[in-house]
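Two complexes, one shared chain (chain A), two partners (chain B, chain C).
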Partner chain A sequence: MLKDRFDILLGGLLLACAALIVGLLLGGGSQASQRDLAVDKALEQEIAYQAKVSFLERLYAPVSELRTAGQNEAALLKLDELSRRYPDEAHGELLRGEILLQLQAIPEATAHLARAVRMNGDYVDQHSPLSRRDLFEQLLGEQLTVIKSRAKKNPSATALQAALKDLYYLQGRLAGGCE
Partner chain B sequence: MRLALRDPHTWLVILAGGLLGLSGVWLMVLGNPQNSGICVSCFLENSAGALGLHDNARMQYLRPELIGFVLGSTLAAALFREFSSRGGSAPLPRLLSGVFLIVGCSVFIGCPIKLFLRLAAGDLTTLTGLAGLAGGVWLGLKGLAVGVHLGSPVKQRGGSGFWTPLLFLVLLVFLLARPGFVIFSERGSAAEAAPVLIALLVGLILGAIAQRTRFCITGSLRDLFIMGTRAQLFWGFLAFVLIAFAASWATGNFKPGFYGQPGAHLDLLWSFLGMLLVGSVSVLIGGCPFRQLIKAGEGDADAGLVVVGMLVGAGLVQSWQIAGTAAGVSVYGKVAVVAGLAFFLLNLLLFRERSAS
Partner chain C sequence: MIKCRLLSVLLLLLPLVACQSPTDRPVMKIGYMNCNSEAETLARFKPLTKYLSDRLNIDFQAVPVDTQDFPERFAAGEFEFTHTNSLVYVIMRENQQLELVATEKRGNYGTHTAGAIIARKDSGIKTLADIKGKRMIFGPQLAPSGFLAQYDLMLREGIDPELDIAYYAIPSGSFKHEKVVYGVYFGQYDVGASPALDLELMTKEGKITADDFVILGQSPIFPYCTFGARKDVDQELVKAFRQALVELTQADTVDYQGEQLKVLASAWIDGFEALEDSDYNQLREMAKRANMPPYQEF
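Our next item is the complex of A and B:
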């Protein structure tokens, strides 16, 4: 391969480049200035995510307070007010679903809960601080068979058919998979 | 002619298929996402995210299995003196084929390997995908039969076949050293993973045995259509499906049904069309996404370009919301699949050798 002096020169330069890369990676990585410049994207993502979680907690704190006080209707009104400012925020959908579930409006609650999960998959994620897996598992355990049989008896009831579809969607998301 | 049962290669192909089926379920049991023990397209989407090619924070992880497939193939090819730099036929159409392979897979939610892993776990929504894949392979074969071909790769000087293995060697360094610019999801499906060293080792073994046997899902279907049951690859494919089914059943992961299946949707028409795209394009470029990784590992620069295209496609399907989700397929996904089918048909027209009459 190395047949003349030019080849040997290229080979030597290549070795020098390889040594330089190894040297830079091993030596440079430990220098304080390099550490300052390094971009830890995972850390940045985590900080942004934690900030989002804190923001949601603060934003929806009045709703949570009203729910704790047992004023579910007032909490729904507060959610209406907030949804005008943040129309595509999944957390509002989730809270609305939770309240409607408490009020036993099952098809409506299911629609909002499924919409929340479509907008933000963290609600079915075990590792997320926003996780509501237990709630979904309970909902499916209690309502899937009931809604399925009601939908079968009333094939023209579009709300029931939609609720069944949403429950299947939640069931699929809880089952996991790659998405 | 009958299946050559006395030929050791037949048994090696069957072993390759069996190992793939077993590994697909075992890696899931060890931590990979449900029904996604092995999925080339999902893993490419994860890896593209890890490299910053998309910003879906739930899909970012440098999957060791992919690295293993390519480097295992390289090692086997080197060991058996089969590594050879080759390529040079229709580079850009191959690159775009890689992009559209991932479009089809992502709309279906899974590559052909995952299709059968999902089916083996009882996911009946895959049946239309299976019909689409078989239809696509048939369509591709029809194209080949009337004289369509992208050209055969020729031996190349300049060692162009080294670049894909080198790229994956760099990815291996990234996986082990974890520099700050590579992202590893803390939540979502990309956070579900088998232990790194086990995943890497399984990838290396599968890559090596797939290089020796030329195992390929769409290739198996193609050979079945051409040669019937005497095709060796078909028996490997059958071993893959049967072992995956047995392993799913033995591990309690066999849950037959249409509804509530993991990583599946009920847009059945689009599952069909997505896999139709994958099957047809795979025949045109000589192998499914898994086979392209293996060929790239043994020095095929054309397959290397497909792999680069698949990596680009993996970034795009997430960034442009093309990928299907449990909620269904977006309008962008549908448009991308139709564009992919148009791309395939256009290639049939442009690459057809017509005899002068």
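Our next item is the complex of A and C:
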């Protein structure tokens, strides 16, 4: 079939071209699949995040309903009940902090809010549906000077000293600082 | 012969020299208000008392005291230090200038607590106005979060506990606060005056659920159980006593009857805080409005 050197050279070139085309096709395909994989991963993360937010909303719906009805004390009891199944859950910590703030238990509220942020930074992320930046800014505006002055006046008051540290921590996180 | 006698005398003196420890230390008494029973009070507070003795090198003795007897026995000079509810602290502060040492932390509100008025969720009672003409159960009369807070709350809502409800009762014996909750739960009473802390603990322990009751009203928060010192106790000792309490952590242990016990956990306490006497003003206002000791007028 290959009669002379020209045929051999031509055959070799044809094979090389075919190999190149196959190589290009395969290479392009793998880049595309990598791109697809990256898209899939981002999508999965987004879906998982939305599912988590939706789960938290469903889980703590009874607490939210009681708060809306002005039943903060009953909402705390509901949280106590839920905390038996989900101890040390960040959103429960956040809600407990919010309720205690409304009930004027300021050092305890601050401790729970700071703990929630330590467990989940989404509460200070302004793009997150879980964001509570406004609440933290309001808390700092209303309480930082008061707690600072009370802690200075009463250095033995460990809860006040701890509350002051927590307020500084929240202030730092709002300013963009990390753990 | 003389040598023998000398040896005998030395042998007799030896135990006295060897037993320098607790008996040679100054002795002071801490009066602990009974919550349920003397046995429970001593079981809770003896390890803490031992810890304070070791830390301050004083032989503190724990004395269980009934609530209603406390102010009188304190006035008679029976105890150098006191551990009582915040209303009994206010009474002794007003009458005998008891000095504030530290306030106990327990539950959601930390150093503070509150009183709630509850009804069964299926009772049809939805607001405080609905309790007129109903049967009610209170906690003991000197309990700030089991009686005073709710009594004051009702007065502020225009309900006179002496005139506007069918009748009210106070349980006898121990575990009065739990009896209030169960009294309402099992339908013997329509409405109950429960400390917020007891509702919280009973919910956490699974004895009740949050859906069993409707909270018709809750008082503002005010300080919880309190350590005090008699006015003639040395100020340096009071300061050291306070410091020992506020520095206690959940990890601190005491060697008690051959066991290493966690001091705070044994006493069912989360910690201590150095509050100011002015933090008790909320409670004072409640006592004045409810015409209760130490501001009672006839």
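Observations
Definition applied: the second predicted complex is superposed on the first by the 137 of 179 C-alpha atoms of A that agree within 3 Å, B and C clash if a C-alpha of one lies under 4 Å from a C-alpha of the other, contacts with A are read in each partner's own complex, and residues count from 1 in each chain.
One rule holds for everything that comes next: a residue touches a chain if its C-beta (ideal position, glycine included) is under 8 Å from a C-beta of that chain, and two chains touch if they have at least 3 such contacts.
From a predicted model like this one, the values you see are computed outputs, not experimental measurements.
Annotation: superposed three-chain arrangement on chain A; chain B versus chain C shows no clash, the two fitting side by side.
Once the two complexes are laid over each other on the shared chain, residue contacts for A:D125 go to chain B alone; chain C is not touched. Contact with chain B, but none with chain C, is seen for A:G177 once the two complexes are overlaid on the shared chain. When the shared chain is aligned, chain C comes close enough to touch A:E81, but chain B does not. In the superposed pair of complexes, A:L95 makes contact with neither chain B nor chain C.
When the two structures are aligned on the shared chain, A:L56 is found in touch with neither chain B nor chain C. When the two structures are aligned on the shared chain, A:A116 is found in touch with neither chain B nor chain C. Looking at the shared chain after the overlay, A:E108 reaches chain C, while chain B stays out of its contact range. Shared-chain residue A:Y168: touches chain B; no touch with chain C.
Of all C-alpha pairs linking chain B and chain C after the chain A fit, the shortest spans 18 Å.
Within the complex, the chain B residues that touch chain A are 33-36, 39, 42, 45, 52, 57-59, 109-110, 179-184, 186-189, 191-192, 259-266, 323-327. On chain A, the positions that touch chain B within their shared complex are 38-43, 45-46, 49, 118, 121-122, 125, 127-128, 168-169, 171-179. Chain contact summary for the complex, chain A toward chain C: residues 71-74, 76-78, 80-81, 83-84, 96, 100, 103-105, 107-108, 154, 156-160. Those residues of chain C whose C-beta lies close enough to touch chain A in the complex are 105, 108-112, 114, 116, 196, 199-200, 203-204, 206, 209-210, 213-215, 218, 220-221, 242-243, 246-247, 271, 273-276.
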